[in-house]
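This report refers to the structure that appears directly beneath it.
Residue numbering begins at 1 within each chain, and the chains themselves are lettered A, B, C, D, E, F, G and H in the order written.
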Amino acid sequence: TIAQLDTHRELRHGFPEVILAQGKKFAHLNAITSRALNHKRNLLITRIGKKRAAKLLANHPQLTHHPLPRCVTWQPTANQPNIGLVAVLCAGTSDLAVAEEAALTARMLGAQVETHYDAGVAGLHRLLAASTLLQTARVFIVVAGMEGALPSVVGGLVDRPVIAVPTSQGYGASLGGIAALLGMLNSCASNVTTVNIDNGFGAGYVAALINRTSMP
Amino acid sequence: TIAQLDTHRELRHGFPEVILAQGKKFAHLNAITSRALNHKRNLLITRIGKKRAAKLLANHPQLTHHPLPRCVTWQPTANQPNIGLVAVLCAGTSDLAVAEEAALTARMLGAQVETHYDAGVAGLHRLLAASTLLQTARVFIVVAGMEGALPSVVGGLVDRPVIAVPTSQGYGASLGGIAALLGMLNSCASNVTTVNIDNGFGAGYVAALINRTSMP
Amino acid sequence: TIAQLDTHRELRHGFPEVILAQGKKFAHLNAITSRALNHKRNLLITRIGKKRAAKLLANHPQLTHHPLPRCVTWQPTANQPNIGLVAVLCAGTSDLAVAEEAALTARMLGAQVETHYDAGVAGLHRLLAASTLLQTARVFIVVAGMEGALPSVVGGLVDRPVIAVPTSQGYGASLGGIAALLGMLNSCASNVTTVNIDNGFGAGYVAALINRTSMP
Amino acid sequence: TIAQLDTHRELRHGFPEVILAQGKKFAHLNAITSRALNHKRNLLITRIGKKRAAKLLANHPQLTHHPLPRCVTWQPTANQPNIGLVAVLCAGTSDLAVAEEAALTARMLGAQVETHYDAGVAGLHRLLAASTLLQTARVFIVVAGMEGALPSVVGGLVDRPVIAVPTSQGYGASLGGIAALLGMLNSCASNVTTVNIDNGFGAGYVAALINRTSMP
Amino acid sequence: TIAQLDTHRELRHGFPEVILAQGKKFAHLNAITSRALNHKRNLLITRIGKKRAAKLLANHPQLTHHPLPRCVTWQPTANQPNIGLVAVLCAGTSDLAVAEEAALTARMLGAQVETHYDAGVAGLHRLLAASTLLQTARVFIVVAGMEGALPSVVGGLVDRPVIAVPTSQGYGASLGGIAALLGMLNSCASNVTTVNIDNGFGAGYVAALINRTSMP
Amino acid sequence: TIAQLDTHRELRHGFPEVILAQGKKFAHLNAITSRALNHKRNLLITRIGKKRAAKLLANHPQLTHHPLPRCVTWQPTANQPNIGLVAVLCAGTSDLAVAEEAALTARMLGAQVETHYDAGVAGLHRLLAASTLLQTARVFIVVAGMEGALPSVVGGLVDRPVIAVPTSQGYGASLGGIAALLGMLNSCASNVTTVNIDNGFGAGYVAALINRTSMP
Amino acid sequence: TIAQLDTHRELRHGFPEVILAQGKKFAHLNAITSRALNHKRNLLITRIGKKRAAKLLANHPQLTHHPLPRCVTWQPTANQPNIGLVAVLCAGTSDLAVAEEAALTARMLGAQVETHYDAGVAGLHRLLAASTLLQTARVFIVVAGMEGALPSVVGGLVDRPVIAVPTSQGYGASLGGIAALLGMLNSCASNVTTVNIDNGFGAGYVAALINRTSMP
Amino acid sequence: TIAQLDTHRELRHGFPEVILAQGKKFAHLNAITSRALNHKRNLLITRIGKKRAAKLLANHPQLTHHPLPRCVTWQPTANQPNIGLVAVLCAGTSDLAVAEEAALTARMLGAQVETHYDAGVAGLHRLLAASTLLQTARVFIVVAGMEGALPSVVGGLVDRPVIAVPTSQGYGASLGGIAALLGMLNSCASNVTTVNIDNGFGAGYVAALINRTSMP
C-alpha cells in the first residue's frame, strides 16, 4: 500500500486529516483523497497547484479550492469553536499566500483568526495601526521574507507567544528564505519560536493548538 | 549609557528581568546586574560560565548560581503559580545542560515543570516509559542533538504544542547543531516549532507563556 | 571513444551492467545501451525520464520501462537467487520513487525484497505494524525525506545493518535533501550507514551485496 | 620588504594611515608602526589585542591604547573638523566594542559623532528615545548582532544613508554573524548598505567620507 | 487589505513611491499600481519582467517600460535636481541590466548619472580610461559579478564612497553571486559598502541619498 | 535520572554497551560507567581524551585505555568469534586514530580485523600492495581525509561492501572533513556507504554486523 | 558603449579573442561578435546554446558551431603550432561536454591535444590503458564530476602539472559540482591546481599557456 | 606500519620527499622523518609549528627550521637548477607566511624565485612597481586573503600562468579564506588556476613543475 492514513491521530487530535500534496504523484494523491473522504471527517490538502487542484475537484466535487493559499478543503463537520483569537500578520504583499495558508489552517482547526497585512518593519506606523489586535490576540503568527525582522518587533510589543514564519520572498542573499529563517531563529525577543520556510500550515496548526489550550 | 534596562517590558510581562551574560565584558555585566537588583524583581542571568558567576556572586551575595544550566538567579518574589504542566524531555545525557536551562527558565516564569531525560529515538522504550507525562503535560520542550529526531516522535504521540530545542552535541556533520536544527524545522509532525541551537532559555520562556494562557 | 564499458567489473561482481542515464546526451546513452545489450547480460539503466525511456525502448524493444523508479531493465538471465531478505521501508508517499528504485535494484541483484511504505516517525504505530518484517530481514533500506528520522528509529529496533537513503522531498530548510542527509549521518543508532540523496540505486546495490555475503 | 606603506593614498585622502594589526606577526607590526610614525601623520591601528597593544606602546610611548574598540592611535595633527553629525547606534551591550570602533574611526577622520546604545528592536521605546539624534544626524551607523534587524527599523525612520554593521554576537544559528549580515543585506529599507561582520572600522570610515562630502 | 501604501515615507523622503514587482501576483501588483498612480507622485516599479510590464502598461498607459533594467516608471513631477555626480561602473557586459537599474533609480531620485561599462579588473586600461569620471563623481556605484574585484580597485583609486553591487553573473562556484558578494564584503579598500546581489535599485537609491546630502 | 542505560538493546544485539564520552560532564560519565560495569558486560567508551581517561581509570582500575583511538574498554566476556574478515584501510598517517577506533570497535564486536595504512590514491602501488587483503576481506572500512577518494578506488577493486569514513584531516577547503564526506557520498563506485566524519566507531560497528550476518 | 573589446590583451597574448556568451543579451552578443570579426583575428565564443548559436551563424556565416562543447569559433589565421602535447582525460561519459570545451580551447591556442574519456577511478584499468599518453603529455587536464577523484589518481601517476576541472554532473550531495570542486582543491597529489566548475575553457587556456612555455 | 614512504614517486619526480606535519602525532612524524633521512634525499616538512620543529631538530640536528613559512628542510643534494623564474606576489603583510612557504617550496624544487610583497589591489601603484618582474617571470604565484582580487589583476597584466593561493587572512564574511578562494575560482582572467586555502606548498610545487617544463 502506498499510504497508511493516520485516522488514529485524527481522532486523538480532534483535528482534520491533512494531506501534503507536494511531492506526490497525482494518482497517489487522488487515491489518498478518496480514502480520506470516506472517513467523512474534515480534510485539508496543502501545497497543491492550480492544475492539480482542478483535476482533484473534477473527481471529488465536494472539495473547495483556495487558490491564494494553494489549499483544498472539505468541511462536513462544523469546527469546534475556540475562544481565543489568533492574529496573522505579514510584512509584505508578497507574503500573502503563506499568511493565508496559516489563517486557513488555524480556522480549519477551530480558531478565530484576524489578519493584518503589509506591516513590515521599514514603516512601523503600519504595524502600530493594529494596536487593538496586538492587545487582544492570544497567539501571533508573523510572516515575513527578506530580513525577517517583523517577529522580533512584534515579540517586543506583546507578552504572548509569537510563531515566526520565514518566507522565500526576496532574491540574492535571501537564499530562498534562509536569511529570514536565520533572523527569526536569532530573534532577540524571548517569545518567538520558528517554523520552516513558507510553512504557513505548521504555524496555523500550532497557533490553533495553543489557542485551544486556553479554553476553560 | 551602555545599557537601557527594559523595566517597561518587565512590568508588562509579569516576568523576571533576563540578562544574557555571553558577549558582555564583566564590568558591563556587573553594572547591569547591580541596576537590575535595585528593581527588586526576579532576575535570571543566562549563559554565564563558572568563573564569571563566582565573580558576580562575590559582588552580589544574594544571587544563586546554577552550574549545570549555566545560570544565575535571584527570586525575591514568589512565582505566580501556573496551573498547567510543562514537560522537558531530552535525547541524551549530553543534552542535560540545555534541558536544565529550559526547566529553570520555565520555573522562573511560574510553570510547574517535570523532566524525563536520556530518551533518544534509538531506544523507544525509554520514551514510552514516560507515558503519564506524555498524557498530562500542556506543553512539551524536547531537547536533542545529533540528528534531532526526538521532537518528531514526541510530536506524533501528543496533541499539544512541542517546542524543539536543537543542541550543539555531536561532531563532524552535526555542524555544531545545524543538523539537529534542520531536522526539527523539517519535522513531519505538525505540532512542532523550533528555537535556536542550545536555546533552552527561549524554549522555557515560550513554554511558560503558552502554559500561562491556560490559566482560568 | 565516448565510453569504456566496464565488462570486467560486471564479470567480477556477477552483477548486471548499470548505466546512469542522467547527464548523458541521448545519442551517447543509446550507443552505450546498444553495446551493453550485445553483451547479453542483465542490464539496469537508472535515472531515466519518461520521454527518453520511450525513445530508448523504440530502438531496443527488448527493454522494460519502470516509470515509478525511473528505470529501464533487461533481464535475459535469471537472477542468482539469494537466501536473505531485504526490507525496504519509507517514511512518506512522496518517497516512493526512491524506495522503488532501491527495491528494483536489489531484486536485479538477486535479493528477495519486501516493502513497507508510509511509516514515518510521526505515527509510530505504522512502523510497529511491520514487526514481522523488522524481525526477519537481514538488511534494511530506510528511505526518508524532510527530517529523515526514520532510520534512527528502525536502527534502534533491529540488530542488523540499516542503509539510510535521504530523499529530496520537503521544502525550505530541507535544502533539497541536505537536512535528511545530515540527520542520517548523525544518527544516534550505531547500525546506520548512509548513501547520497535520492540514491535508491546505491542502497539497493549495497543491501544486495550484504545479503549475498549471507549465503552459505 | 614586508610592507609598502601607502603614503600616496594617505595624502590623497587627507585621512590617517591605517594598519590592520590582526594577522601580522608582532615584529612586522612593530616595524610598520615605526615607519608610519616617521611620517608624522595621524595613525590608526585596528583589531589589536591587549597584550600586543601593551608591547607596542612600550616601544612607541607616543601611542594611545583604546581597549574597548581594540585600537591604538596617534594624533599629532588636529582633525579637519567636519560639519555633519554621524550617529552610531547599537542593538545590545554586547555590540559595544564594534560600535566604539566605528565611533573612534569616524572621529579620527574628522567627524562629529554621537552614540545611542542598547536600542534593539525588541524594545522599540529605547530607539524612539533617540528621536533628536534620528532627526539631526547626516549618516547613521547601526550595529547589531543576532538577527540584525535594527538597521531596517532605523532605515524606515530616517531619510539619510544607513550603514549597517553586523556583529558576531549570538550563538548557534547566528553562525558567527552570518545571520545578522544576511538580514542586513536583505533589508526592506532602501537606504541601507552593509559592511563586513564586526567591521566597525569600515563603517566609521565610510560614514566620515559621506559626512565630509556634505561640507560646503 | 493586501497592501498599506507608505505615503508617509514618500512625503518624508521627497522621493518616488517604489514597488517591488517580484513575488506579487499580477492582480495585487495592478491594484497597488492603481492606488499609487492616484497619488500623482513619481513612481518606480522594479524587477518586473517583459510580460507583466506589457500587461501593466495596457491598464495604465501613462507608464513607461525600461526593458534592460526591468523597470516601469511614471514621472509626473520633474526631479529635484542634485548637484553632485553619481558614477555607475560595471565589470562586464553581462552586468548591464543591474547597472542600468542603479542608474535609472539614481536618476529617478534626482541625481546626475554618468556610466562607464565593461571595465573589469582583468584589463585595467579599460578602467583607467575613465579617469575624468573617477576624479569628478561624488559617489561610485560599482557593479560586478564573478569574483567581484572591481569595487576594491576603484576604492583604491578614489577618496569618495563606493557602493558595491554584486551580480549573479557567473557559474559554478560563483554560487549565484555569493562569491562576488563575499569578495565585496571583504574588500581591502576602506571606502566600500555593499548591497544585496543584483540590487541595483538599492545602490542607486543610497547613491542619490549621499549625493543629495552634498547640496548646499 | 541523568541516563537510562540501554541494557535491553545490549542483550538484543549480543554486543557490548557503548558510551559516547564526548559532551558528557565527567561526573555523569563516571556514574554511567559505574552502572555499566555493574552489568558485567563488555564495555566500550569512545571519544575520550587522555585526561578524562586517566581519571576514569583511577576510579575503575579494571578498565583499559587505548590512547590512539581515544577509547576505554572492559572485556570480562570473550568475544563471540566471527568467521569473516574485516579490512581497515586508511589514506594517510593522519587518519590513524580514526582507523584504529574502527578496528578496535569491530574487534570488540567479535570481528577478525586486518589493517593496511597510508595507502592514499596519489600512490596507487601502496594500495595494490594489499592485494591479498583486497581479495579476502568480507567487508572494507576505508578511512580518508582531504579529498576522500580512497573508498571509490577500493570500491572499484572489490565486489563486497565498502564503508567509507571521512576524517577531519586537511585544512582550508577541507572544511573539517566536509570535502571528504561529500566525495564519499558521491562515490561513482556502487558498493560504498558512508558514515559521519571521524566516526570510526560507527564504521567498525556496521562492519562487524555485516560480517556477523555471514556466519553459518 | 556596452563593451570594450580587449584587443590590447589579444596582441599581447598571441591568443584569440574570447567571448563568454552566457549572461549576455543576444543583441549585445551579436554586436560584440561583429566588432570582433572586424579585427580579423581568431575568435572563440564559449557557453553558447544551440538556439543562440544558430541565430549568430545566420548573421555571421563565417562562424563554425561546435554543439557538444557549446562553442562557436572562427579561425582566419592558422594556429601557432606548439611542440608539447596536452592530454584531456575525463571520468565519465557525462563529462564529455566540458572535456571537449577544454580540448577545443587548447587547440584554438595552438596546442596539440589528445583525449582519453570515461576513465573514472572506480575502474582503474580504464585509466591505465592510457599509459602512453600518461607518459608523453606535458600537461594534463582532468575532468570529473561526482566525487572528482580522478585528478588525484592521475596526479600520483605523472610528474607534470595536472589541471583539475570539476563538473556539475551528479545529484543530491554533489551540490552542482561543489563536491567535486572541494575534492580537487584538497587533492593529496601535489601537482594539481583547480579551475571553476564546468570551466573547460579555463583549463584548456592555461594548459596551452603552460605548453607554450615549453617551446625552445 | 604507520606510513609507506613514497620513494618511488620521489625518484620519478626528481623532487624532494615531502611530509605534511599537520595532523600527525609527534611520534609518527619523528619516525617518518628518520626513515626519510635514511634515504639521503632532499626533504621538506610543511605545516610544522615552532614547538614540534624544535623537538624534531633536537632529534635530527641536520635539519633546518624556517619559522615564517613553518617548514623544516634538509638539502644534502644541490638543487637541479631551473632556467625559468618564478614570481611570488602577495597582497598584504599578513599573507607573508603562505607566500614564503610557496617560495621555499619552489626553491627546494630547483626554481629561481623572486618575491614582491604587500601589493594588494587597493593600491595599484604597489603592483605596477614590480613591472620588470611582471615581464620576466615564467610563472606567477599570487597569494591573497580577504577578497582575493590580486590574481585577477595580475592575470590581466601577464600572458603566462598564474597560480592563485587564497589565504585565511580576514574576518567575518571571509569565512576562513572561502571568500578569497571563491573569488579566485571565479576569476575573469583566463590564465588563473587555484589551489587550496593557505596551500603555499602546492602552489610552489606546481610553479616549479611548470618552470621545469621550460628547460631546453
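Methods note: a residue touches a chain if its C-beta (ideal position, glycine included) is under 8 Å from a C-beta of that chain, and two chains touch if they have at least 3 such contacts.
Keep in mind the model is a prediction, meaning the values are calculated, not measured.
Following the contact convention of this document, B, G is the list of chains adjacent to both chain C and chain F.
Chain centres here are Cα averages; for chain A and chain H they lie 56 Å apart. Centres computed as Cα averages put chain C at a distance of 45 Å from chain H. Centroids built from CA atoms put chain G at 50 Å from chain A. Multi-chain contact residues of chain F (touching two or more other chains): 9, 92, 122-123, 156, 170, 172-174, 178, 181, 185-186, 190, 196. Pairs of chains meeting the touch criterion are A-B, A-C, A-D, A-E, B-C, B-D, B-F, C-F, C-G, D-E, D-H, E-G, E-H, F-G, F-H, G-H. By the touch rule above, chain E contacts chain D in their complex via residues 9, 12-15, 18, 84, 138-139, 156, 159-161, 163, 181, 185-186, 190-196, 201-203, 205-206, 209-210, 213-214, 216.
Partner chain C is touched in their complex by these residues of chain B: 91-92, 120-124, 146-149, 152-153, 155-157, 170, 172-175, 178-180, 182-190. Residues of chain C that touch chain G in their complex: 1-4, 6, 8-9, 20, 22-25, 28, 32, 47, 166, 168, 176-178, 181, 196-199.
Taken in their complex, chain B has these residues touching chain F: 68, 92-94, 96, 117-119, 122-123, 125-126, 129, 145, 169-174.
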